[in-house]
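After this come two complexes, each holding subunit A, first together with subunit B and then together with subunit C.
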Partner chain A sequence: MTAVLERLDVPMVKSRRHAAAPRSDRRPWTFYALAAVFTLYVAALYGPMICIYILSFQDVRGGLVFPMKGRSLHWFVDLFTQVRTGDVKGSFDRSIKLAVLVTVITLVVSFLAGLAFRRRFIGDTFVFYLMIGSLVAPGLVLGIGIGLLFQWLGINASWYTSALGAQLSWTLPFGVLVMFAVMSRFNSAWEEAARDLGASRWQTIGLVVIPILAPGLVAVALFGFTLSYDEFARSLQTAGSLNTLPLEIWSMTLNVTSPSLYALGTVTTIVSFIAIGVSIGAIVLINRRRGTGPASR
Partner chain B sequence: MSRKNWFAWLYVTPLMLVLVPFFLVPILVVLVASVLETDGFGGLIPTFTLANYVDVLTSAQTFHLYSATLKFTTLTWLFTLVIGFLVAYFLVFHVKNQLLAISLFLICTVPFWTSNIIRMISWIPLLGKEGLVNSALLGTGLIREPIEVLLYSGIAVVIAYVHQLTIFMVVPIFNSMARIDKRVVEAAVDSGASRLDVMRLIIIPMSKSGIALGSIFVVSIVMGDFFVVKVMSGGGSASVVSAFYENVGVLQYPIAAASAVLLTVVLIVAISLILRTVNIRREITQ
Partner chain C sequence: MRPGHGDIELAGLCKSYDGITNVVDGVNLKIPDRAYCCFLGPSGCGKTTILRMIAGHEDPTAGEIVIGGENVLGLAPVERRTAMMFQSYALFPHLTVRDNIAFALRVRGQSRLERYKAVDLMMEKVRLTELADRLPANLSGGQQQRVALARAAITEPRVLLLDEPLSALDEQLRVQMRQELRRMQRELGITFVHVTHTQLEAIALADIVVVMEKGKIKQSGPARDVYAYPRDRYVAEFLGGQNIFSGKVEQVGSDHLVISQPHRTGIHVGVQADRRVGIGDRIDLAVRRDDIELMRATSGEPGGGATALPGRVLAIEYQGSFVKVMLDTIPDEEFIAYVPERTFFQDPFNVGDVLLATWSAGRARILA
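So, the complex of A and B:
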């Protein structure tokens, strides 16, 4: 995932590409073959999703497959007003709150960890592998462990305690990995310069490090928000009695066979797209404001 | 401890405050639960026993589950690797316009930030008996009757996995390919290497770390998954974790814990085999 950021910062990589100018303008046959593979891949990536967005706009006769039966917003209204589809509004609300909470914590904790990992320190390998372990551990297994732990401690599992922790165990490793990519391009000479000019440790971080790393931090926030908002396996055993949105969707896939399932898919994807759009917009804006000045390197 | 170390630990303390109670301790809890007895009502009796492991290891079901999971893992790994490699290769070596390459790359990554469950169920209108694929095939006269094994079958499971996980191959492979110095390729061509030689002797070896990293993601996610298997197979197949989920559903925690420990051991072995080919830490932090 880290490459996303590296690539968003256009000026930096430009020079390297030019060094390898094509020797002839004729493209080899492999170009066309690979372009076809790529096109098919993107079509397969988006095609099915687009199908359900379209199908969610059917009217009351609508079913789960094509052809479209009418056009209306019936299933969206149905989604938020019907009892049988479950507490969509409540779970939506909880998921957004939880995602915001996770985003803030992920941002702060990943940033600090990123600072620490710039140099080797005693025990860094342990911390690193603990993080990788947390990333690859099967979500359900971890969820059961957290659920049992809370049970033994006599604490009730709920979305803002156990599920929050469970989601952080998933978003933080991603956040720190993104920070690694961001930090690898950070020149510590700037920091030393600030220190030499009399800035304190915290002034250096607040006035030099954070502004320079801002685009990367936006990306960390994007990971935090979307990974939490869509997280399922780790929340399943830890969310307690109130569902988050993915858990609601999961229970709908098992018992709802109307396009309201697709309507929910459309709604939740719109939220994700807003988050992605805002983040990418912010990164582009920050980079553009800097122009091609030295700070973008 | 030196001042430098002290500050480093200050900075990673918040991280540890999450990882210890929400990863390390829960895993230990599962480990402990796997050697306890159950009272049959979801409670645990603190008596040491290895009976859970004996049950798990001697059951024929375990063998079936692992072979099913291994089959899905291998197929998914193979497809995601081939597609991911080709896509990354196309973006890095064939798209000459930098801005276009970034845009295409972002197009590939956007679905990663949307709901997995929604992306999975979005195959229903395509693969079902009355779905688009069947209608198209019937329309062209290639088949006379709808193919029913497309949805709610092993095929659907693999399709859903490949759909969700190819991105985990594309990104790390793209990353390592982007780091290959194009002059190396040029030098090879100048010395008479064919394009196949370039691929075989330069690009594949130099993308090895990306391939390894992507493989770790794909293997660990498929082996730890249960909802894709449950929904897309229509209950027809099971995986290690879906069986484990059933056990939890009937409050059989110890036996579920024992199979979780077994799965974790298998995963660790698989990942360390992959890691033998590459220095992951150097790869990630640089």
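So, the complex of A and C:
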């Protein structure tokens, strides 16, 4: 009996010693190694972007490289007033409109697809793979293909037709995949309970399904918006004669040699952050209003 | 509130999902108005499917469902005037307690003022008034159950259908909420149909217990009938509290039979009017565990008409009000005697003691 106990005791003591190690004052060397790697990663990720933001706040003498020459908002004014820098205002306008359009379509289609894919139907795996296919297809090639098709059909390519379609081939699969994750936490007993209490199908969708899925739908919308807002590859051959913002920035890198290029980078980043901030704010607000959120039963 | 008429009649009810096997297989049952009926059976026996068919969430493959004299097939749940309480309750997570309960009135188009008045009354009834503005995530299991009950009851149903309503609760709360369900049923004065796999829950609550196996009703009737007079081995084993074993009929007397077993002979059983048996038949017997008396092998034979079988004590479990003594009286079958606590401790047995287990012929029952 004691022999058995002793044998049992050995691994117990060992494991206790192991468990106690991280709690001691000294951290293992691996902590510092990993912290260094992480710091490098963050610096490499944000350093270049921050350089651009800083350089965009120079005054009229400013150039494209450090050192910083003066401090002003000159290049931001220049960005929206000077014609030689390109059609920034127009492309910004188009990009926002296009992103909103893409967001709405992505949201509606993803929501409906999420509802549909809860049940098996004939050809469901085929439709699913078709969707994933358009996600992995090279964007540039897909864009060229759409451009060619429009030309062949004799339709003029423009941002609200061919570019819209090209971007949807990218945002829809994303939206649907996010929606699958959201739907996996949806309990169909809620719908049944609504029906049991006398709700019509539309009432069930409006009063139960959409409100419960709201945080997930906001996430889908955010995906749609940000993916569209800085989409480049698929829009390149499909936007037609009028540029979207990423295309405009790209063409500016070829011929604009002033910090107004950097100012544009700062402005677009701010817009992105506003979109993300609004979305996250909405999700937080919804979750706070219902305690701990949809994950709880 | 419109008058009751919550009597339910199921006639030849069948349900098949694949067209080959019947999940529910020809169920006939009458549940009187204002009864508390429990469907009891292991998971997969079709009890929940029956409940969902009565509720109108599933259509039967064949058969009829009549509630209050009216065939309700094809009607929506609200038109049937049934309400369902879902397993784990399915409370709407984005609505407060008040709005959850008010949901049925809201979809009917009642104004906020109107529906809140009705809801406040209902919340008082189930003692939820203080929790009115809470969200379901911030409620305990018992509170969630009360909300689910109130949400279903506000539709003024004539039948309330409960799908494993106590399974989400811990043991202590389960006993408490069991009483609450019974109280609500009496107060609302409507029919309750309750699905469970716990026999204790069923016999504690139900006026009518329906024991099911593989889509068929095995036995239905008042709780005491089903518990004390199980019809067959399945029901006896599922409800528990019985020693069950089989044997061959050796003699048929005017008032009793004598049964023998490979290991034991001379088992006396009273003749039952509803069971015809002949010499040589193999039959199953059941003897209630609390009908068995244990005596020391040395203290002599019991009186006439009684069966006395020897056995060794395998284990003893103290259960509070009684003591559970496990014996090897019938090899290959579980054999247990429930000895009242006071009796046991007057002369306690030990594991390994050889005892006589005795019962009078009338206590043994023949199973179908």
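Just so we're on the same page, the second predicted complex is superposed on the first by the 260 of 297 C-alpha atoms of A that agree within 3 Å, B and C clash if a C-alpha of one lies under 4 Å from a C-alpha of the other, contacts with A are read in each partner's own complex, and residues count from 1 in each chain.
The definition used in the following text is that a residue touches a chain if its C-beta (ideal position, glycine included) is under 8 Å from a C-beta of that chain, and two chains touch if they have at least 3 such contacts.
Computed from a prediction, not measured in an experiment: that's the story for all the values here.
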| item | value |
| --- | --- |
| Subunit A as common anchor, with subunit B and subunit C clashing or fitting | fit |
| Which of subunit B and subunit C A:77 touches, first, second, both or neither | neither |
| Which of subunit B and subunit C A:285 touches, first, second, both or neither | neither |
| Touched partner set for A:60, first subunit B, second subunit C, both or neither | neither |
| First (subunit B), second (subunit C), both or neither touched by A:194 | second |
| Touched partner set for A:211, first subunit B, second subunit C, both or neither | second |
| Contact breadth on subunit A, by residue count: subunit C or subunit B | B |
| Touching partner for A:155 - first (subunit B), second (subunit C), both, neither | neither |
| Touched partner set for A:265, first subunit B, second subunit C, both or neither | first |
| Smallest distance from any CA atom of subunit C to any CA atom of subunit B, in Å, after fitting | 13 |
| Residues of subunit A contacting subunit B in one complex and subunit C in the other | none |
| Subunit A-facing residues of subunit B, complex | 1, 4-5, 7-12, 14-16, 18-19, 21-30, 33, 83, 86-87, 89-91, 94, 96, 98-99, 101-102, 104-119, 121-126, 128, 130-132, 135, 163, 166, 171, 174-175, 178, 182-183, 185-186, 189, 195, 216-217, 220, 223-227, 231, 241, 244-245, 248, 253, 256-257, 260, 263-264, 267, 271, 280-281, 284-286 |
| In the complex with subunit B, residue positions of subunit A that touch it | 1-4, 6-8, 10, 13-14, 16-17, 19-20, 22-23, 27-28, 30-31, 34-35, 37-38, 41-42, 44-49, 51-52, 55, 64-66, 105, 108-110, 112-113, 115-117, 119, 121-125, 127-128, 130-134, 136-142, 144-146, 148-149, 152, 165-166, 168-169, 172, 176-177, 180, 184, 222, 226, 229-230, 232-233, 237, 246, 249-250, 253, 261-262, 264-265, 268-269, 272-273, 275-276, 280 |
| Subunit A residues touching subunit C - in the complex, by the definition given at the top | 187, 189-190, 192-200, 203, 207-208, 211-212, 214, 286, 289-294, 296-297 |
| Touch list for subunit C against partner subunit A, complex | 55, 57, 76-78, 83-84, 86-94, 103-104, 106-108, 135-138, 151-152, 155 |
